[in-house]
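Shared between the two complexes below is subunit A, which has subunit B as its partner in the first and subunit C in the second.
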Partner chain A sequence: MFAGALAAQHSARTLVMARGIGGTHLGTGTVDVWGPHSPAPSPDDKERRLERGSPSPEVELKKRRTRKHPLGLAGLPALRAALAEFKKICAAAGYPLAGEIHSNFFLPTALGAVRPTCLAPESFTAGEVRQPAELTLARFPGFRDFFADLAVSNLTAAGYAARAVALDLPDFPTRRDSFATDLARAFDEADYRAQVADRWRAALKGVSRLGIPAILGLDEPFTAWRDLSDRLGVEIFEIPILPPSVPGMRLFNNLRRTIEAAGGRVTLGPGIQGWVQADRQVGVIAETAGGPRKLSARSVILATGGFRHGGLESPAKGEVKESVFNLPVTTGKQWFAPLYWDAQPYTRFGVSVNAKMQPVDADGNVIYSNLFAIGGILAGADRLGEGSREGIDLATGWKAVEAMTNAK
Partner chain B sequence: MPRFSTEILVIGGGATGLGVARDAALRGFKTILVEKGDLAHGTSGRYHGLLHSGARYVVRDPQSAADCYRENLTLKKILPAAIENTGGLFVALPEDPPEYVEPFLAGCQAAGIPAEEIPPALALKEEPLLNSKIVRAFRVPDAACDSFDATHALERSIREIGGEVWVRHTIVKLLREGMRLVGAEVENVLTGERVLIGADLVINCAGAWAGLIAALAKCPVKITPGKGTMLAMNSRLVNTVVNRLKLASDGDALVPIGTVAVMGTTEIVIDNPDRYSIEDEEIELLLSEGEKLIPRFRDFRALRAWAGVRPLFDLTPLPPLLKRPSTSLRSAQGSASGEGGGVARSAGEGGEASRLISRAHYVLDHAERDGVEGFISIVGGKFTTFRLMAEQAVDLACRKLSTERKCLTAEMMVDPPEKKFHTLGQRWGEIESLEKTEIICECELVTRAQVEQALRHSGSWVLNDLRRDLRLGMGPCQGGFCAYRAAGLLHEVFLTAESAENAKQIEPHLISALSALSAVKAPPEVKATNAALIEFLQERWKGLRPVMWGANLRQLELDLTIYRSLLGADRLPVTRPPEEYPSEKTS
Partner chain C sequence: MTNDEGSSRITGHASPTSDSWLLTTDLCIKCNICTSVCPVAAVTDLFPGPKVVGPQAQRFREPGAISLDRSVDYCSGCGVCSLVCPQGVQVAEMNILAKAALAERDGVSRRNRLLGRSEQVGRIGSWFAPLANFLLQNKFLRSLGERWFGVSREAPFPKFAWRSFRSRFARSGAGRDAAGIYKVVYFHGCSTNYYEPRVGMAAVKVLRLNGCKVSVAEQNCCGLPLQSNGELAAARAAAEANLRKLAPYVREGYVIVGTSTSCTFALKHEYRAVLGLHSEEAELVAGATYDFFEFLQKLEAEGRWQTGFRHAPERIVYHAPCQLRSHGIGRPAADLLRRVPGVTVLETQADCCGVAGTYGLKAEKYQIAKDVGRKAFHEIQKAQATRIACDSETCRWWLAQHTGLPAVHPVEILAEAYGVKRV
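Presenting the complex of A and B:
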């Protein structure tokens, strides 16, 4: 979506076509660039406190420049430019992101762990744990996706002042299923926020910053966040919770609107197959309701993701396949580690590309002259362990659009 | 050290141990059962769920086939809460030996097992996914039995009669006075607290671990652990237990249990019941055998794989086609009734050796055998005949305690509510009638109220116990969403400001079962909650790893994103590192 937005803004005729919505709706709604995990859960938490050293993603990446890693291939200038462009897009959509490449935020999770991230929505940043003020987390009775007490206990155990407060939600029916999105839609309404503020005010005496699950509006989240904070006189920060990810959906919506405003199109639904044309050029065949439709394009950017999104598939144990063009996939002997928490070797499997993000074969030869691959489908990264997911997505997307534009 | 006393001390909280404790308690003995893990933690909880009609054994072992059939009828009568009366089919594929049919039918007739031939077309109408090439089909009275439901029902029954069940208590030593056992020292594995239990008689029902327990009394009992691997498919592919019409072999049965279907099993002799792994070849074998019964079996999603350890009693290996094992050893009744397919399978496959060991059970009187009084072991056997095994053990106990008391378990219902035949929408219907709280586990439809109630009932910090109680985390997402919620609830119930209030609601029997509650008196820190979460996810991973392709891999990526990125669970301190969790020893 980011590459689509950039391409559309570069006045290319742009079509983003996907089988379905991507990873935004499952994620954190932040931009992780570099924030490696400590080894594994352990009883010894003394040396685990990353936030003490607060490493800079930029400095860390300079140390680790490798042509095997997508960030190394894209390069720091691309990463810097990509982050700047992404911030620009979000700011223009009225949903500003805070943060710079030379430092990470350290924000509490819904379990009370602390995770580093590079760019975060303004509505997240008051959760920065290195600020001295006590963290107060909201317990919403009857809401199954956020457990404030557990998070508070973990934050307290890690040495941060924290406590939980029960805050009930007006007109919140007891339901079998309640999702973050249900609440977010309610918080889009100014009247509802006013009711909430009246209901909560008394319980929040003496509270300086209040952490709530990330449900503060879908349509105009920045307004919703500012409005509720002002009404309560408390700095509110959102904490991402189990999918569906409201902050992720906001990013997706921003990108979609940006693409459409620049004259591009977004089509969700059709399955997509590769179509190899003459002269090692590719297009795609879309499985539409009316039958297969052949689409040729000057450039095709493959951003179908890794195993989670179907860009890579494993039809049987030990087998892997790139799902659209049947590109060669760089793999390894071992797939899985014995412990859930170990780095899983398979996460590094993927499509190998050159510095222009063109898929290459084992000898480094470009496979199709107008094809680029970006994001989760790329080989060489442990996006989870490195805390590098969105950084890779944005930097490689920016790089591919640059290469495509230069190739005109 | 606190002292307790009882007449009969039962070691082991599987089907056999619970069966013995219930039998003894019904005969009026004061009874305490101790289990080192949770109920059904060992082999009972890893069983494929097939309540045998006995038809599997009619050719090789007619006596145990008859035993099986009798117990099948008895359990259907007394334990309907755990049994889904699905019926069973034996189907012959074109490659299955046609000459097996005649001895099969003759055996069924001799053992009194009704086996009715039906036209293959009718079998296919009832089970549309079955291979359309089947040549013959016979209806038999097999059924599906949920061993978690069974053990829970037995536990409730034992408590109602006045017996006690202590989980998470391990035997530290068996107390001997001269040549007589007089009880045991046990330790609460959660708190480290130790107590003494004086007993007139100790009955060892530790299954695959029975040799280790007997060794504590210096009685040599050689158990050969036989690993059987099973594969749960994420849909109920059949509504009837489907068996292959041939000699027992790997992957010869597909059992519908609730929402899933279980393909089983393999058989491999291992050294240590606590340490084994699932091999790729076993999964491949189960998939390819599954493919023969259900075409395109591989295209259905495999949910997870697990292995149970059969407690094979290493007596004398059976020669192929031996009628039934000799029971000339000094057993309880001179003729311990046995079941089991001590059946050789085709050469060239692994596990030959263990299929040659009888599945019969034996009740060992250690006074006769080893000169140690007050000690009985039950070894071998299998789930379907657990009640019979218990009856024989307690009969022996009566003789040893010089009292005559009649066994009542064949007549007394364990729990009245009947398990309904599984239908789509049934479980939602059950949930609808409960208190309206959120669904915590969406795959298996478990509500917040159920989780809270189960936590208070068990007083346990182990999320896996919730899984055994409620099926939490057993669906396709394998804990992806519910693990966080369950950890949150665990924390709220035990460790928050209101925990004192919560502790009051914990069931009184736990107080009588003593130290299970002491953990509540001194609440552990948040590290314990973290460890519970991480251990639960690791346990799910163990079963997923062997079936990690296709949709499961996709799911794994989502779950890892949630726990490692979104929640940062791997950044949290825990009470002990994951590789030290007890469940980990088996990977």
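Presenting the complex of A and C:
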């Protein structure tokens, strides 16, 4: 989507096609660049981190510059430019992101773990666990997708001062389970926020910062967050919860609007097959309702993701296939590590590309002259373990669009 | 865009075919992406959302058994859920069939029988057009209609045309061309035939101006209104009749082009995916069917689209109906209207205007449909356009009623730009 937005801003005719909506609606709505996971830190860990400051994604990446990792291939300048561009798109949509490449935030998760991330919406940042003020987390009785007490017990066990407070919501509970999206749409209304503030004020005496599930508005979240914080006189921070992810939807909507405002199209639904033309050019075949329709384009960007997203498939034990163009996949001998939480070798399987993000064969030759591959389909990264998912998506997307527009 | 080179080849594989929709239940990972975009669940807690009534409830429906949960009846059938699912679960299709199973158990109400039969209603209404139009505007009768039938007294009803499209077409002599760059069967649908013949006349003129030979082959209601109102057997009969009538034309090299985007979607997709028709005829017809502007875009790609437009300065607001989105072809009408000199096209982002065929006409759903449409109404009013362009008739009538702006099919705007007089 980000590459689509950049491409649309460069040239008028951009089409983003996807079989359904992807990771944004399931993710956290933050931008992870580099921040390997560790178990919830013990109080000792916390002390150390506070002294040292946060590990800097920039410094870490400089240390481990490798041509085999997508971030190494894209390079730091591309990563910096991509983050700046992404921040610009979000800011223009009235949804500013905070953060810089040289440091990470440490934000509480819905389970009460602590997670490093590079860029986060402004409405998340007051949750920074290294700040000394106690974390007060909201329990909405009847809302099943966030358990404040569980988060508090884990945060407390890790040495952070935290407690839970029960806060009622107006017009709640409803006749069915409410989803994060239902609450978010309610919080988009100023009247609703005013009612909420009146109800919560008494319970929040003495609270300096309040964590609530990420449900503060879909259409105008920044306004909703500022408005509620001001009405209550409390620093509010959002915590991403179970899907549907409201903060992820905000990013998706921002990107989609950016693409469409620049004259591009987003078509959801059709499955895609590859169409290899005579002159080493590719197009795609879209499975429309009526049947397959061929689409050719000057450039095609493949962003279909890894095994979990359908970009890679394993038709039989030990086999790997790239699902659209049947590109060669770089694999390894081992697929799995013995323990579930270990770094799993299969996550590094993927398509190998050159510095322009063009898929290459084992000898480094470009396979199709107008094809680029970006994001989760690329070989060499353990996106989850490294905490590098969105950093890779943005940097490789930026790089592909740069190569594509230069080639024109 | 669609040129076929000699030595090209196809890689990857097709998605599972639509007759395996039941199996797609197990592809659901319960991620709730469908729920997050469902326009009905967003405005009412009477509907628990597509995931709950779809794949989740499906697991309790033994083959042949039906869910006891009636809330699936609040699904409007807009189909957005199937489009956004990253796993390929056919949520909307599942819900249509669950609704039909309920209708089979509990019987179909008089109201739904009436709304499902747009063709018969249209035919009888147009015999008595002036009288029928007068009666339908009468507030007292409409409130009786609401009480007896459950058809909302507020819901918009179009006016019956005194003379049907088919008879106008026959009289115009437009079907006598000997040849053309394409031989086209124009699928007009019930609304063009009985309510808006002007849309059909505009379509025929645009097709002929682009060098096509046009036929209005024997055809009947696509069956979609019957399907949406739970009468699957009747819908299937209508579908099979259409396939019998249309397939011979396709074998002779005709393509089928329609201006009602829900009818063309039925020919392309619903006959196979929902009604379970997998004959050779069904495949043939589906593959040869184009939505009107999709077909023009094909001509454009082949360098055969006529662009001799007069300057027609106008600000249009275009709404892409939910049914059009399900085609998976983008928004060809908006793309092509932009090519007319002087025309500015603004587009709504709202996924659905609310009416979803006959859903918003029902008394108990009228308010829900209106709430769903609020976003679209707002966008349209904000656009400060002179007209709404939309490829679906029920959306046009609904949007016109709730925004006060006239609503036309995009082909009417195109016909005007070609200099064709309004008909």
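Please note the rule applied: the second predicted complex is superposed on the first by the 388 of 408 C-alpha atoms of A that agree within 3 Å, B and C clash if a C-alpha of one lies under 4 Å from a C-alpha of the other, contacts with A are read in each partner's own complex, and residues count from 1 in each chain.
Just so we're on the same page, a contact is a pair of C-beta atoms (placed from the backbone, for glycine too) under 8 Å apart; a residue touches a chain by one contact, two chains touch by 3 or more.
The structure displayed is predicted, hence computed values, not measured ones.
Novice: Touch check for A:P243: first (subunit B), second (subunit C), both, or neither?
Specialist: After superposition on chain A, A:P243 lies in contact with both partners, subunit B and subunit C.
Novice: By residue count, which of the two partners contacts subunit A more extensively, subunit B or subunit C?
Specialist: If we count touched residues of subunit A for both partners, the winner is B.
Novice: So in the superposed three-chain picture, is A:G127 touching just subunit B, just subunit C, both, or none of them (first/second/both/neither)?
Specialist: Touch status of A:G127: no partner.
Novice: Which partner chains sit in contact with A:P221 here, subunit B, subunit C, both or neither? Use first/second/both/neither.
Specialist: Neither partner.
Novice: Thinking of the overlay built on chain A, is A:G290 touched by subunit B (first), by subunit C (second), by both, or by neither?
Specialist: second
Novice: With both complexes superposed on chain A, which partner does A:L26 reach: first (subunit B), second (subunit C), both or neither?
Specialist: both
Novice: Which holds for A:P338: it touches subunit B only (first), subunit C only (second), both, or neither?
Specialist: first
Novice: Tell me which partner A:A113 touches in the superposition: subunit B (first), subunit C (second), both or neither.
Specialist: Only subunit B is touched by A:A113; subunit C is not.
Novice: With the two structures laid over each other on chain A, which partner does A:R175 touch: subunit B (first), subunit C (second), both, or neither?
Specialist: A:R175 contacts both subunit B and subunit C.
Novice: Once the structures are superposed on A, label A:G397 by its partner contacts, choosing first (subunit B), second (subunit C), both or neither.
Specialist: Neither subunit B nor subunit C is touched by A:G397.
Novice: Considering each complex separately, which residues of subunit A are in contact with subunit B in the first and with subunit C in the second?
Specialist: The answer is residues 26, 174-178, 242-243, 310 of subunit A.
Novice: For subunit A, which residues count as touching subunit B in their complex?
Specialist: Interface residues on the subunit A side: 23, 26-28, 32, 37-38, 40-45, 48, 50, 109-115, 142-147, 149-150, 153-154, 156-158, 164, 174-178, 240-243, 245, 306-308, 310, 313-319, 335-336, 338-341, 344, 346, 384-385, 387, 389.
Novice: For the complex, give me every residue of subunit A touching subunit C.
Specialist: 15, 19-22, 25-26, 174-179, 181-182, 185, 242-244, 249, 257, 260, 265, 267-278, 285-296, 309-310, 323-326
Novice: Once bound in the complex, which stretches of subunit C touch subunit A?
Specialist: For subunit C paired with subunit A, touching residues are 1-15, 31-33, 35-37, 41-42, 45-49, 52, 82-88, 264-265, 267-269, 286-287, 289-290, 325-331, 335, 347, 349.
Novice: If you look only at subunit B, which of its residues touch subunit A in the complex?
Specialist: Those residues of subunit B that touch subunit A are 280, 283-284, 298, 431, 436-440, 442, 447-448, 481, 484-485, 487-489, 491-492, 495-496, 525-527, 529-531, 533-534, 537-538, 540-541, 545, 547-550, 553-554, 556-558, 560-562, 564-579, 587.
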